[in-house]
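Both of the next two complexes hold subunit A, though its partner changes from subunit B to subunit C.
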Partner chain A sequence: MLSVLNVTKRFGGLTALDSCTINVEKKEICGLIGPNGSGKSTLFNVITGYYPSDNGEIIYNETHIESMAPYDIINMGISRTFQLPNLFKKMTLMENMLIAPKAQKGENIWRAWFGLGVKQQDYDNYNKAMDLLEFFNLVQLRNEYANSISFGQQKLLELARALMTDPEILLLDEPTGGINPVLVNKIIESIKEMRDRSITFLIIEHNMSVVSRLCDRVYVLDHGKNIAMGTPDEVKTNEQVIEAYLGV
Partner chain B sequence: MIESYCLHIIILIIIYSILAISFNIQLGYGKLFNLSHVAMFGIGAYTSALLTVDIGMPYIIGFICGGLAAVIFILLIGIPALQLRGDYFAIATLGFAEIIRLVSHNERWLTHGQFGISNIVRPEIFWISFSSYESFTVFALILLLFTYLIMERLIKSPFGRVLRGIRENETAAMNLGKNTFKFKLQTMMICSFFAGLAGSLYAHYIQYISPKDFGITPLISVLIMVVLGGMGNNKGSILGAAILILIPELLRFSGMSSDIYGPVRQLIIGLLLIVLIIIRPQGLLGEKRFIHESEAEHNA
Partner chain C sequence: MLLELREVISGYGNLDILHGVDMEVDNGEIVCIIGPNGAGKSTVLKTIFGLLKPKGGTIYFAGEQIKGIDPHRLIRKGISFVPQDKNVFPSLTVEENLAMGAYTRPNMVEKGKEMVFSRFPSLYDRRDIRACYLSGGERKLLAIGIALMLEPVLLLLDEPSMGLSPKYKKVLFDKIAEINQGGIPILIVEQNAYKALKISHRGYVLDMGKNKFQGESGELLANPQIKKLYLGG
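Moving on to the complex of A and B:
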């Protein structure tokens, strides 16, 4: 479904990604692990077009996306969250949710003025947002500003917002970082449930127990290179992986 | 006499309110520091004046072309300037505004140069004349109401929501699949259209325009109007325009000699701004929290 082939990204003298290759299958929960600074987040930024890659190909559903604009890539069905939530801070939670849906009629100025079908669509989006906020225990806070809720809640809001775009594939950057254990279980369950509804996941995660419970396959990056790939149990015993993590 | 003086003040407030509202949409809701906004006001004024005075077109043509000319100019300015962000965007638009002012100052064959254009006629649409103070006030008021309603509707629509989203976090908006460049350019085009219309109104009301009417000083005034009233609040922009026009007019009655009148006016406005920034940084009215219209049903 999503293939990254020999992608290289340099920042000046630093090679953040060094002919990195990964391949995500449809309806898979694919993990991406590696020590800090190994290029995981950079890979997300390259996939979503935020940084242009220096070399290599990115193919999504048989389309080359490596030179497309970020908004075009997102509109093809790729959605992402960030390690530090990127929210619309001085807007309410509900508004954060309602910006997300793709191809809104009211984003066209003429339709916005003449109101052709705008209200009905906005009402549907509102109900969808209410359901998602309910699921993530944020519904009472819907009219608060996004910068007034806690860090964990902000991460949940960003995940909920990403789901508002109806993605085919979701790139999650540490979805359980800073979230309490009860909610972590809930997030794991919901990710599995969404996978059953045919959403594909590529997840950066440091918490190995989450990775073990969640991921079908795991890619390990170190210094921008793939060093291992396999089931969570396989990579845990891989010598190169242990060396990269422990620096032995 | 006193009646027409009051109407004169009201008309000026209305014209500057239109200019301030369209500036507020860019600055308050979009964080777009478009410092060529008053230049677009000037483009509208010059286009309208030149078409009616030099070519003898009817007023309505000049009025609409004034708005359209501003849209064309903002396209030429906006496409390159929007490649820049924040302060750099502000400087670039200011640069373009200065180019426009200098051209209007020097290209005498086109713009009559620094002496400006005089004998601009009062508006006449079909058979209705708007030459009296009363009728012009009505005409200007209709345009203000139209501007206000159309801008409020835009801001409350999904378009406006995305625009405010871009203001809050452009990266996030881009990562939700929004073409942020398109949203920003469209916003500038709409706002410039109304600035152009306000310019035409101004030219045909004052009946004389020159390049200095559209320089840095009026730009600062409009900026203060928006900041004073509260960025992100269209009613605030009207309030700001009213305050900034009324202060110098009220000073006229204070019996101050004319040589200290100007400096005192600037002193008061400067002081007002400092006090405001310290005790009420969001401006007199400030931005309201947006609650979705389905909420009323939901609570019921």
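Moving on to the complex of A and C:
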């Protein structure tokens, strides 16, 4: 479904991604782990068009996307979250949610003027937003500004907002970092459930128990290079991974 | 008692987050705050450090009321705070970042740097590198290093382990325990509740801006209700 082939990305003298290759299958929950600074978030930024890659190919559903802009890539069904929440801070939680859905009819001046289907779509989006906010325990806060909620809650809001776009594949950058363990369990369950409804996941995660419970396969990066790939159990016993990442 | 919060009410603008929180930290202790997202854990630290002005209650530090005092004056009294993010100057080198930590007392810069480098040798190797080029783990150590520059009497840490690889998490928790054994009491907020409670002496569970449980770390870890409600079983 998503193939990253020999992608290289340099920042000045620093090679953040060094001929990195990953393949994500449809309906898979694929993990991406590696030491801090190994290029995981850079890979997300390259896939979603935030940074142009220096070399290599990125193919999504048989289309080359390596030179596409972020707004075109999200329209193809690739959505993401950030390690540090990237929200509209002076908008309320609900407004953050409602700005996310693609192809809103009210954005067209004629439809907005004559109200063709706008109301119904807005109503559906609102209900969907309410359901998601409810799930992440944010519903009471829906009329607060995004910068007034806690860091963990901002991460949850970002995840909820990404789900508003009906993605085919969701790239999550540390979805459980800074989240209370009880809610982590709930997020794991919901990701599995979404997978059963045929959403594909690529997830950066440092919490190995989450990786083990969630991921079908895991890629390990170190210094921008692939060092291992396999099931969570295989990867956990790999000498090189223990040395670079897990520690003894 | 080194730090004592009584009935503290605090929040952002009109939104109250803490509804009467009590908390204590004694000399020599690591005290850990856990709880759900939005419970008010970070708000407690920000209120102690004067970034938020409490609407009610009292905060005593070393016998002195510090409620409403500005952060730059609290630093001089010996309280250091490491925030969750934006805790280093990205365009400055490691060494320059540390110097900034002792900005209020220039005569302590050299001594402080020596102490931090001996504690975190990996930072010494990278002293001329800009903070933006450090890995997440090293950046976290640097942020703690900056806070240690003035030899604080109390260290406040807001989710230090977030975003770190398993290997660095271990290193970090070991370092925190080590800093404490060196005589600095620490109040720490963590979602990595198991590991944080393991290195702490006591813990508080906050929920909806109120004290829910408190006790020795071992007791909290063994309590089935806390396990179910806050530690995820």
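Just so it is clear, the second predicted complex is superposed on the first by the 241 of 248 C-alpha atoms of A that agree within 3 Å, B and C clash if a C-alpha of one lies under 4 Å from a C-alpha of the other, contacts with A are read in each partner's own complex, and residues count from 1 in each chain.
Heads up, the rule we're going with is that a residue touches a chain if its C-beta (ideal position, glycine included) is under 8 Å from a C-beta of that chain, and two chains touch if they have at least 3 such contacts.
Computed from a predicted model, the values in this text were never measured in an experiment.
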Which superposed partner A:Val139 touches (first subunit B, second subunit C, both, neither): neither
Subunit B versus subunit C as contact partner of A:Lys102, first or second or both or neither: first
Contacts of A:Gly34 with subunit B and subunit C, given as first, second, both or neither: second
First (subunit B), second (subunit C), both or neither touched by A:Met194: neither
Contacts of A:Leu84 with subunit B and subunit C, given as first, second, both or neither: second
Contacts of A:Thr92 with subunit B and subunit C, given as first, second, both or neither: first
Partner chain in contact with A:Thr165 - subunit B first, subunit C second, else both or neither: first
Subunit B versus subunit C as contact partner of A:Ile74, first or second or both or neither: first
Those residues of subunit A which subunit B touches in one complex and subunit C touches in the other: none
Complex contact set, residues of subunit A against subunit C: 14, 33-37, 83-84, 137, 141, 144, 148-153, 156, 174, 177-185, 206, 208, 244-247
Complex interface listing, subunit C residues touching subunit A: 12-13, 15, 35-38, 41-43, 84-85, 133-138, 159, 162-171, 191, 193, 229-233
Interface residues, subunit B side, partner subunit A - complex: 150, 153-154, 157-162, 164-165, 168-169, 171-180, 183, 186, 190, 287, 289-292, 294-295, 298
Subunit A to subunit B touching residues, read off their complex: 48, 50, 69-72, 74-75, 79-80, 82, 86-92, 94-95, 98-100, 102, 104-109, 112-113, 118, 122-123, 126-127, 130, 143, 145, 161, 165
